[in-house]
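Two complexes, one shared chain (chain A), two partners (chain B, chain C).
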Partner chain A sequence: MEYIINQFVNGICQGFIYALMAVGYSVIVGVVGFVTFTHGEVIVFGAFASFYIFLLCGNNLLLGVIGSFAASWLIGIFVYKICYERFFHAPRHIALICTIGVSMLLKNIAQIIFGPNKKPMLNIIKNKIYSFGIVEISKVQIVIILTVIILSALLFIIFMKTRWGISLRAVSQDKTAAAMMGINVKQTAMIGNCMGSGLAGVAGLLIAINYQTVYATMGSNLSIKAFAAAVLGGLTSVPLAALGGILIGIIENMGITFTSASLRDIFTFVFLIIILIFKPQGFSKKKGVRP
Partner chain B sequence: MKKLVALFLTLSLMVVTLAGCSTGTEESSTSGSTSGESNTSAQTDGKTITLGLTAPITGTHAEYGVGFQAAVEIAMDEINNAGGVNGYNLAVEVMDSKGEPKETSDIVRQFAENDNIQAIIGDFTSSCSMAAAPIVDEAGIVLLSPTASNPDYPGMSDYTFTVMNNQSTEAPWFARAVVGQYIGAKSVAVMWLNTDWGIATHQYLLQGFEEAGITVVADESYAENETDFSSVISKLKSTDPECVVILDQGNVPTVINQIRGTGWDVQLATLGPGSSEQLIQLCGENAEGLIVDTPSFLTPENEEAVPFIDAFKEKTGYAPTDHSLCAYNSVYLLAESIKAIGDGEITREAIKDNLKTAQMDGLAGHVEFNEEGGCSRELLILQVENGKYVVKEDYGYGVE
Partner chain C sequence: MKHFIDTIKSTYGKYKVIVWIICSLLLLIFPALIPSNYVMGVVCRILFYATLAGSLNVINGYSGQMCIGHAGFFCIGAYIEAILATQYHINFWVLLLVGGIITAIIGGLIALPTLRMQGIYLSIITLGFSEVVRLIALNWTSVTGGAMGVKGIKSPTLLGFTLSSPKQYYYIFLVIGIVFIFVTNRIINSRTGSAWISIREDELAARSLGIEIKKYKILNFMYGAFWAGVMGAAYAPYTRYIDSTYFSLDEGFNILSMVIIGGQGTLIGPILGAAVVNSLTELLRSFSEWRMVAYAVLIIAMMWLRPQGLVGASDSVLAGDKMKKKKIKVLAKEEK
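Let's turn to the complex of A and B:
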């Protein structure tokens, strides 16, 4: 029993990381209107930015979060300029294929700049194990969960309470109408893309802290998980994408508990397929995805 | 202004892409230039034998792939500076397999169709080498893998050879001598990588445990691109073994960090990475007490090894492991085989025939092939103490 509960805690912690990636993903898809495949690479750049910050400035978590957010924000601008800006009125698959190309490009750039070797990220947070009755949770896991909650809350406030948030939501709902209301659609879409990328960068930092390693090719697998979680949430709904991420984390870990870790991805995708068979729109109530 | 930005982006894109290509496929310039120098000093008449090298220069196993390239270049430089082989200089053409079997098959096919390539060295993993085995068998060109240790691999064709220990001898020895005798564990948990190499090694390891009377309390596999081991670790932890054995190469540091991250202070032993310097860098304090086995131990205290270590560090920036040494030996073994051809014509077929009987004594002790084209070597037991590997038991420990 104790063992199953601990697996559940592992699942929740991993789910929170997936959730943060998925939140970033659905912000991008929602605001820009295109599916992206560069998410994994953005995560890697965020992780490496924090790696160098920790190397140069010592283990300051807040600085690391800001740094990885900023670095991924810049990558977000790069991705937006190449993949989206000119293709708003082109068929949707053009931007999609473009993101696949940019993802390969970024992956190879990462290998050239950062080198192909794994890099250690040891003891960023002095590890400690807390026991609550039979539940054991490590300090790293608590930090991860708190960071994700704080960032999600910030995102919610920005979306609901600020002018930026209003423009972002307007662009997300209808680009033409938003343009008529005097919103600069291209700029707003870029900010949306950058915010989503920034969140992915912080997810990269959390992953690197959790696994104590960072390397240039770690993104591709994560990108698919983020995509799966976002699809579960109906692609454009931020809170539902977060729910999707947490559920995937839990289901993976519970699956591993009763079978083998070699089957990890099978649980994720079988779960995704089952949900999509019965609810093609994911958890969201809306039918279909906005164009 | 917009046009300028677009132009700049396009240009930077092109530059970066080109740079990307150049790391993917590169013809080694070092051996080329040194062969030019030795042309004048030695009796060579400018003839060159080119070998193909397929190795994971990028990807999860990049540390080893880059090591292969460096080691092969060092060996060729040495051979060429000493006058070459039978009047020939050696050169290498390197291609990046990224550690993926489908890439290796493509590369090996390209090498096989290229008449200039006389033999192929590579690949790093058993999966990659085995994927290429049918191709070399059909094309009739030697595929000498420095490190493929799946017992099925050398027997797949007349043309497949490996310098690395066969897991059918190493894994049972590891179970009996290292875990049973040296650590003295009665119960053990195994984490293993679900690949060709992992499956074969795991099977032999379990046999070894059974024969030695050691109970396997947990036995967990995971996929190659796994990054999160927390659930596997929780699973092992709940069975409370005396020792955890990790069968893997590239993921070992991540696994160790995550085991220590859960505050679990169990004895760790790993079969696969050998005395990898990167492992200690990546694990820091977490590596303390880790037990590994290795067929050769390259430290500055070993005087014979110093020139190789220095040359290797200069090329890569990190210390070599046994894997790189195997790549280095591969070149020498091929050179031996070419030497044995004597005045005869250098053909792919002749290289294969003479490689079967080629042997050498070097840093890794005596190396020769068995009937199938495999290899069997004695091993050392090392333990990490204060951030360094220390030899605990010499060659010949626990041999029945």
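Let's turn to the complex of A and C:
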């Protein structure tokens, strides 16, 4: 019983990381209007950026978060310039295939630069376990959950209170109308894409801390998880995407508690299929343009 | 250039029968002309991938759906052949059909939940499916052999001959390829094929003309999956040993890059794509890690410069906005 409860806590912690990825995903899909396949690779680059920062500058979590955010922001600009900028008015599948191409490119370049082997992440946070009754939670998990909550709050403030946020929301609702109101749609879409990518990069850092390893090919499974979580909110609703991420984390960890750990990725897929069968449009109430 | 193409077309029209006889004779005696087993192996791979990419092209190029994890279907076909042949000693030629039919049914079940949504959901589902199939093949040790794979798959026999070397296998791949091209050509020119193409061009217009979108989409997907299963079943005895590493996501991207580079929406496109990509693989053998990077750059370049691929269907939605501009220009000229 204790074991199951602790697996549940692990699930929530992992769910928070997936939630951050899914939030980034739904920001990208909402603002740019295209579905992306590069999310997993962006996550990998963020993780490696933080890995090298920790290697060079020592244990400074804040520096790591900023570094991985910045690195993924740059990758986001690259992805936007190649995949989206020219293709806003072209048939949709062209941008889609372009993101597949960029995802292949980034994945293999990552393998060449960082090497194909798993690398052990440095111990950033001294591992200490706090126990409340039978529930045990480690310091790493608390740091992860706090980071995700702080970043989500920051994103919420940017979305609701600043000029950037207003133009981002306007572009995500209707590109033509936003352009008529004097918003630079292309620039705003780029900022949205970069923001989503940046959040994904930080998620990469958190995953690396949680599993204590980084490797170049971990992206493709994470990409599917981010998508599955975002489907719960109809791909564009940010809070529901976060909820989806937490749910996937819990389902995964409960699943591997009762079966074996090598089947981890199958549960995400089953979750995705079940949602598509029963609630294909997600639980979002927003009536707007869907990608 | 245009004059040159027209000349070729008119000469081809005059001597159609002779050209066909020469081509088929060349294809028949081809293995005798080439002594080296290595080159024959490459030719076999090109033929094999031409059909596999062709089956993906039926899905991506003709009905405008996007399947990315084609390696998953290929994997199912290969494992069905390998397991049934090694444990129950069923004939290879029967298993070709069985593998295809089971794969088609699984493909239909996978596509079913996504029919109500836009194509992107199907893409993600196939991507996840491909990975799930690989994981099942890796972990279901009692049936698939797990990480050890399936060993000692028997070579097929025909009229008492055992077909094992690449030279003999060339004919199997050739015959399957020709049957595939023939059947697909008949279907594309039939009512069903027109329905697929109209769905690709404009789904809303097709629906308002009374085409049952769901039925034709799922038919299309099952047909593509069927041939992927057949090719999987043909591939397993060719290598005599399969394990789950053959069917990774990279394999799916490999097939996808052939379709995109060669050209979507034509029957000749995937054949050219398979030839280009496989020759590139052989050329880049010494830099094998840069191989996928080269494909990725080629895919992006294709999307920027020629979205329909090298010999793809230029008069379709696959060609992107360039066609639209041309049409507008033509219309403007006509108005003047």
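Everything below uses one rule, namely that the second predicted complex is superposed on the first by the 285 of 291 C-alpha atoms of A that agree within 3 Å, B and C clash if a C-alpha of one lies under 4 Å from a C-alpha of the other, contacts with A are read in each partner's own complex, and residues count from 1 in each chain.
We take it that contacts are C-beta pairs under 8 Å (C-beta built on N, C-alpha and C of every residue); 3 or more make two chains touch, one makes a residue touch a chain.
Remember, it's a predicted structure, so these values are computed and weren't measured experimentally.
Colleague: Is the arrangement of chain B and chain C around the shared chain A a clash or a fit after superposition?
Modeller: When both complexes are placed onto chain A, chain B and chain C end up clashing with one another.
Colleague: According to the stated criteria, A:Asn10 is in contact with first (chain B), second (chain C), both, or neither; which is it?
Modeller: Only chain B; A:Asn10 stays clear of chain C.
Colleague: Looking at the overlay, does A:Ile109 come into contact with chain B only (first), chain C only (second), both, or neither?
Modeller: After superposition on chain A, A:Ile109 lies in contact with both partners, chain B and chain C.
Colleague: After superposition on the shared chain, which partner residues are touched by A:Val140: those of chain B (first), chain C (second), both, or neither?
Modeller: First partner only.
Colleague: Thinking of the overlay built on chain A, is A:Met218 touched by chain B (first), by chain C (second), by both, or by neither?
Modeller: A:Met218 sits against chain B, while chain C stays out of touch.
Colleague: Return first, second, both or neither, reflecting whether A:Ile256 touches chain B, chain C, both chains, or no partner chain.
Modeller: In the superposition, A:Ile256 touches chain B alone.
Colleague: Between chain B (first) and chain C (second), which does A:Lys81 come into contact with in this model arrangement: first, second, both, or neither?
Modeller: The answer is first: A:Lys81 touches chain B but not chain C.
Colleague: Using the touch definition from the top, say if A:Leu122 reaches chain B (first), chain C (second), both or neither.
Modeller: Only chain B is touched by A:Leu122; chain C is not.
Colleague: By the touch definition at the top of the document, which applies to A:Asp265: first (chain B), second (chain C), both, or neither?
Modeller: The answer is both, since A:Asp265 touches chain B and chain C.
Colleague: Clash-wise, after the superposition, say which stretch of chain B runs into chain C: 98-106, 224-232, 278-286 or 386-394.
Modeller: 98-106
Colleague: Which residues of chain A are in contact with chain B in one complex and with chain C in the other?
Modeller: Common interface on chain A, chain B vs chain C: 82, 105, 108-109, 111-112, 220-221, 260, 262, 265.
Colleague: Going by the contact rule set out above, which residues of chain B touch chain A in the complex?
Modeller: 5, 9, 13, 16-17, 19-20, 23, 57-60, 62-63, 65-66, 194, 220-223, 225-232, 234-235, 237-238, 250, 253-254, 257-258, 261-263, 278, 281-286
Colleague: Which residues, counting only chain A, touch chain B once they are in their complex?
Modeller: 2-3, 6-7, 10-11, 13-14, 81-82, 105, 108-109, 111-112, 116-120, 122-123, 127, 129, 136, 138, 140, 207, 210-213, 215, 217-218, 220-222, 252-253, 256-257, 260-262, 264-265
Colleague: Enumerate the contact residues on chain A facing chain C in the complex.
Modeller: Interface residues on the chain A side: 35, 37, 82, 86, 89-91, 93-94, 96-98, 100-102, 104-105, 107-109, 111-112, 220-221, 224, 227-228, 231, 260, 262-263, 265-266, 268-269, 272-273, 276-277, 280, 290-291.
Colleague: Can you name the residues of chain C that touch chain A in the complex?
Modeller: Within the complex, chain C contacts chain A at residues 64, 66, 68, 113-114, 116-121, 123-125, 127-129, 131-132, 135-136, 138-139, 249, 253, 256-257, 260, 289-290, 292-293, 295-297, 299-300, 303-304, 307, 317-318, 320-321.
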